[in-house]
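Following: one structure in structure tokens, then a few remarks.
Chain nomenclature is as follows: A, B, C and D, assigned in order of appearance, with residue numbering initiated at 1 for each chain independently.
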Amino acid sequence: MSGRQYLQIPGPTNVPDRVIRAMAVPMINHRGPEFARLVQDCITGLKAVLATQGDVLFFPASGSGGLEATVVNTLSPGDKILSVSQGVFSERFAKIAAAHGVQVERIEVGWGKAVDPEEICSRLRSDAARSIKAVSLPQTETTTGVLNDIRRVGLGIKETGHPALLFVDAVSALGMVEIRPDEWGVDVVIAASQKGLMLPPGLAILAIGPRAWKAAETSRMPRWYWDWKQMKKAIDAGGSAYTPPTGILFGLREALAILQEEGLANAFVRHDRLARATRAALTGMGLSVLPSESDASPTLTAVNIPPGIEWKALSKLLREKYRVVLGGGLGKLEGKVFRIGHMGSVYEPEILAVIGCVEMALAEFGVDIRLGDGLKAAQRSFLEPYES
Amino acid sequence: MSGRQYLQIPGPTNVPDRVIRAMAVPMINHRGPEFARLVQDCITGLKAVLATQGDVLFFPASGSGGLEATVVNTLSPGDKILSVSQGVFSERFAKIAAAHGVQVERIEVGWGKAVDPEEICSRLRSDAARSIKAVSLPQTETTTGVLNDIRRVGLGIKETGHPALLFVDAVSALGMVEIRPDEWGVDVVIAASQKGLMLPPGLAILAIGPRAWKAAETSRMPRWYWDWKQMKKAIDAGGSAYTPPTGILFGLREALAILQEEGLANAFVRHDRLARATRAALTGMGLSVLPSESDASPTLTAVNIPPGIEWKALSKLLREKYRVVLGGGLGKLEGKVFRIGHMGSVYEPEILAVIGCVEMALAEFGVDIRLGDGLKAAQRSFLEPYES
Amino acid sequence: MSGRQYLQIPGPTNVPDRVIRAMAVPMINHRGPEFARLVQDCITGLKAVLATQGDVLFFPASGSGGLEATVVNTLSPGDKILSVSQGVFSERFAKIAAAHGVQVERIEVGWGKAVDPEEICSRLRSDAARSIKAVSLPQTETTTGVLNDIRRVGLGIKETGHPALLFVDAVSALGMVEIRPDEWGVDVVIAASQKGLMLPPGLAILAIGPRAWKAAETSRMPRWYWDWKQMKKAIDAGGSAYTPPTGILFGLREALAILQEEGLANAFVRHDRLARATRAALTGMGLSVLPSESDASPTLTAVNIPPGIEWKALSKLLREKYRVVLGGGLGKLEGKVFRIGHMGSVYEPEILAVIGCVEMALAEFGVDIRLGDGLKAAQRSFLEPYES
Amino acid sequence: MSGRQYLQIPGPTNVPDRVIRAMAVPMINHRGPEFARLVQDCITGLKAVLATQGDVLFFPASGSGGLEATVVNTLSPGDKILSVSQGVFSERFAKIAAAHGVQVERIEVGWGKAVDPEEICSRLRSDAARSIKAVSLPQTETTTGVLNDIRRVGLGIKETGHPALLFVDAVSALGMVEIRPDEWGVDVVIAASQKGLMLPPGLAILAIGPRAWKAAETSRMPRWYWDWKQMKKAIDAGGSAYTPPTGILFGLREALAILQEEGLANAFVRHDRLARATRAALTGMGLSVLPSESDASPTLTAVNIPPGIEWKALSKLLREKYRVVLGGGLGKLEGKVFRIGHMGSVYEPEILAVIGCVEMALAEFGVDIRLGDGLKAAQRSFLEPYES
């Protein structure tokens, strides 16, 4: 097979050819001056994307490593956290915390709904004993394509006066949806390389604010690999606490340059436009989107699978005949939804290609679909003037 | 700009990432054993694609170099040829021949029409003096997207008993449309790397039959670089008469493997299907295709530009907003048609992406177009059972 | 700067161009069939290199992550281990264990000496209470270029009848020095991608034997990311417990193919020959090697810096004038030794190039050196018949 | 085989990894704005390297194509030229000219000697009838590693007052040895991509001065592909007269950037130093260099093969055991000399590696050689202060 693959899963995303080339380089000494420049360029660029004056650290790890790092640096066994649970990845944070002896109080949100910021605040207000040490939630829940309103959550918590830390999993959002941790009161942002940053997986990224650093001083969790302090010291000196994933850092520098060329604000608008067109197309062809329009994320869309259609067969047809690769449902949504990633290096042509192939594949499976209706709806959406 | 480009011009075509990697290799000694194997693999693979037992040679040159090589190896100053003239590239052969002192008798075919094989045969039949040394025509005229029926031309000439050689420019056809020189009586097939072979430009390829070799013995044209005999001797010995374009040969080996994996017959069907869907889409959206359905080539489509639309502005919008790159009109068709290449590594998703963006761009220019109609027509075409 | 770099540090090592190309590929879905094949190929190949029938797992992490994973899966807080301490990396294991509440009893070996297997055994014999849960040591200590005799250690421990587990850090040895965990009684082998496997950093690799799995059942360390059981389940199913470093896995498959083509036994001999020639060259030019000939590792050589020479200046000259990059001393050896890596994709020409440039650089710094003497010694060593 | 190859033939040369990456890009439309910028960048950069205000053209061809282009654009059948013949490549120019009906008067110089500029001048002075239309010679004859003094030739011809044009084949010199056509009276410089420009083969480059353009107006050679006027018109308009080798042009832009970063004058010195060290090494190990020290080129060195040694066997050993690839003898020097290219992206370490392996290989063949003597001589040469 030699044709282009349309990898429209919710991550990893397409790595632009510029980034592939930036990584296809000879290795360098991670204790030399060239590496120090590379680290500095990456950290500077990440701070811009993360809109923070705080510290940015990276670890050779997947995004889940970033979640574990957050738990073991800020909490102590027996601590309690309030964890929004609305899909596999928000629940993952809760599981990691529990695995390290943290008590987890969950806000169970129906899978496919955004959390109501007020619900978080009201829980905190009723925590008179201030026993909740932290609140955790994702900006985008990758299982459902839901977007939580982190700004309202963050400012709302501030208003309650409750001292709980706020941890945001921005893995499926960074570089694609605005986040302003310093202004909104987010203490730790956790991200990873393989989504909006258009890189292969292998790098966890954390933005850490002063309150989180303070918590790290008193945390009694055992840690070495994930230790923030040790890594910060090394990164500040232009190095890494242990062998860094140099290849991905070379790619990161290029990806950050690409994002800067487009302009971060433009990237946010682009993702929103692509998402709107995708949802318009899906409803236009008679399918239904899992979250409501107001709860939907600009980075991926979960679609209800029409009755009688088996995802395995549908995805095989899409992949083998049209080389379109979409994501299946996870956890309790397996077989019930499929997910289209419109993340990273994606533009109008890819959306049209994917929607058009989904229409054809559904028609081949006998779904009563009017060919072209979804496409037309996407085109109309693209041609509408943009209002945020 | 980091997104994927949709380079849908009639060549160069998209180079598959496998081929890009196959060329991104250290140079080798072109006088060593590794190069000899490379040459042998390439020649063997090319013979299969060219369906010939004759000789296959390559030159570091563009396809036009292959045309010149054909002229200077088979003809002598003062010779007469019969040249089908139906666009810039068929006319180029005539010009090259004339530049070398050959008398050119043209069959002027309206731009956008295929040549009637009978017209060639009748000219030959009326050439009682046997003064016509050769007939030249393209399999696909890249200016207009017309496909000439080489089989009928070749077999027809045989039937006339006229000894004229038959030269076919298959630059925009090889690997995408069937050609069987040995069976059809084609004496020289000229091709190049950058179209159906999915490579960068820089390699001219020739299939040379026994009658052409015979003509080379008596040709009195001065030549050195293009000399077939010298190059054949070198290639047979696993080398090249002068420094060969090793990088492209590495890519060629991989491209030939890709073609073999798909199956040549399947590649022919694929190109035909893509072309049909493209034409269906264009007429479906209310545009008109330059050649008639029966004259149209499976490898590119020339479209009449709607009145009032300036190609320069349209192509700029397509390129800069949607990263879709199409070909403009050439020669007297400049500003009158644009051309969509569906050549090489192209599949359904690219056609849908390109058609969808063309629809949007035309709508943005105020053309009265029903969004989605072209796309729907393409989808229907793709879903139809295939009959050749 | 465009010239070739001679990256002869003790890792990361040169990534062969074949491996660079194997990684310069579009991303794939890590939940699809192509990924499952990739994982299977990698695990099969790693088992051959690791000479084990046990389980092989990988984690998106540096090698240090593999050390931490070993600690948290096999031990419990309060457990005691016996840790050979003979450099920065063997000491790192001790530190990680201590950070997780493990009591560490050290065998302090002078930096630059191999551990005496008998010393380990005698400690175990005298541990009547069987309080030592595990023994840890590196196969090659990257700080000093010392090679420990893992076979004697493993078989020796078996003979004592002591039930302690044996953990071997083979980061600077795997693929270059023989290790046979199943035969020698090694329970966990920890390795990483960036040394003998000729890959960029970012992948920790573990071979886990049945006794280690048994220990994992009773370990009371909190863990999620490093949890072996969860990762084994995922890998066995052709996936990964969380987003895997797909790019490195693509490279790993190619690197394993390269190792198999050479033959693992041949790779061991090659590293030994390169190391002998390097040491012969260094002593030939009047320098002294840190470990004794019998303690020296085939993968890197630590050299005592001649009096009066500052490493920083010497390494700058080597790097900027000759593009030769060597490793400096670490920990208490900083400024006292430098280290030459002869690991991975390295052959005779690189050794000659590096030795020759070191001679010139030392001469430029006024060291009384007879140019060419080191080179001559290396050449002689290369031409000697090999006896293991 | 995965190790680095030492491709030290006199072209193609090592392509730096930066250049490989610059070429590993998606194709672009050669009729669009991006290509126009690429052409302009390349032409501007080439004019700097060629030190000319005249025109620079490129053709998709090997360097030999550039020779043929020169013949057919400036001469007419029956014209007479004076051609220095001192090896395969200078003789090639004579052959190409003769193939096109040009009378060739040769200055036969012993293979391995530089031409005496005075000999050329005296021939011209005695040509009272001004029947000699042009003088041709190489700057470096790649067969023998001889450097002709183009400055003296050019200025000498000027002084004679003879109107003959001067054609210089700088294929094995451009970017490595100074050439100043405008000042020295060189009318056409012919070069190619695969030597000092560190690119794969496939691009012929010509610098054309006003007197050559004037000759082109009256030349009666038939031509189309090689027609300078047509190509100049296309290049001036940001295009190409026919499909250009876009991939190599992308690489050329990067290679020119590399040359500019080093500084052209520095590149000249570097090549001279490498050549001196190579010759010192060869004589140091008891071999003899074909040309005398004063006639030797800075870009390659031809070495007399010691009696009793068969080149085929020696080159096989060097290639297969040490991955060092050297050039054999050509034409009447086959089996008598071998050639070491020190062209393009080559530095001290490569010279040491190659010399060291040659010493070992010769020793293995029983040549009475003192290991290390050549290396020592090279090192001493490198450490000497440079005097031009």
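Operating definition for what follows: contacts are C-beta pairs under 8 Å (C-beta built on N, C-alpha and C of every residue); 3 or more make two chains touch, one makes a residue touch a chain.
Bear in mind the structure is a predicted one, so any value in this text is a computation, not a measurement.
Visitor: When the contacting C-beta pairs are counted for A-B and for B-D, which pair yields the higher total?
Guide: B-D
Visitor: Averaging each chain's C-alpha atoms to get its centre, pick out the one most distant from chain D.
Guide: Looking at centroid distances, A is the chain farthest away.
Visitor: Where the CA atoms of chain A average out and where those of chain D average out, how many Å apart are those spots?
Guide: Averaging C-alpha atoms per chain gives centres 54 Å apart.
Visitor: Centre to centre, by mean C-alpha position, how many angstrom separate chain A and chain B?
Guide: 46
Visitor: Between chain B and chain D, what is the separation of their C-alpha centroids in Å?
Guide: Distance between chain centres: 35 Å.
Visitor: So which bits of chain C are touching at least two other chains?
Guide: 14, 21, 24-26
Visitor: Which stretch or stretches of chain A touch chain B in the complex?
Guide: Contact set of chain A toward chain B: 1-4, 6, 14, 16, 18-19, 24, 198, 258, 261-262, 321-324, 345-350, 352-354, 356-357, 359-360, 363-364, 371-373, 375-376, 378-380, 382-383.
Visitor: Which positions of chain C touch chain B when the two form their complex?
Guide: For chain C paired with chain B, touching residues are 17, 21, 24-26.
Visitor: Taking the touch rule as given, give the residues of chain A at its contact with chain C in the complex, in rising order.
Guide: 5, 7, 9, 11-15, 20-21, 23-32, 60-65, 68, 77, 95-96, 99-101, 192, 194, 200-202, 221-225, 227, 241-248, 319, 325, 327-328
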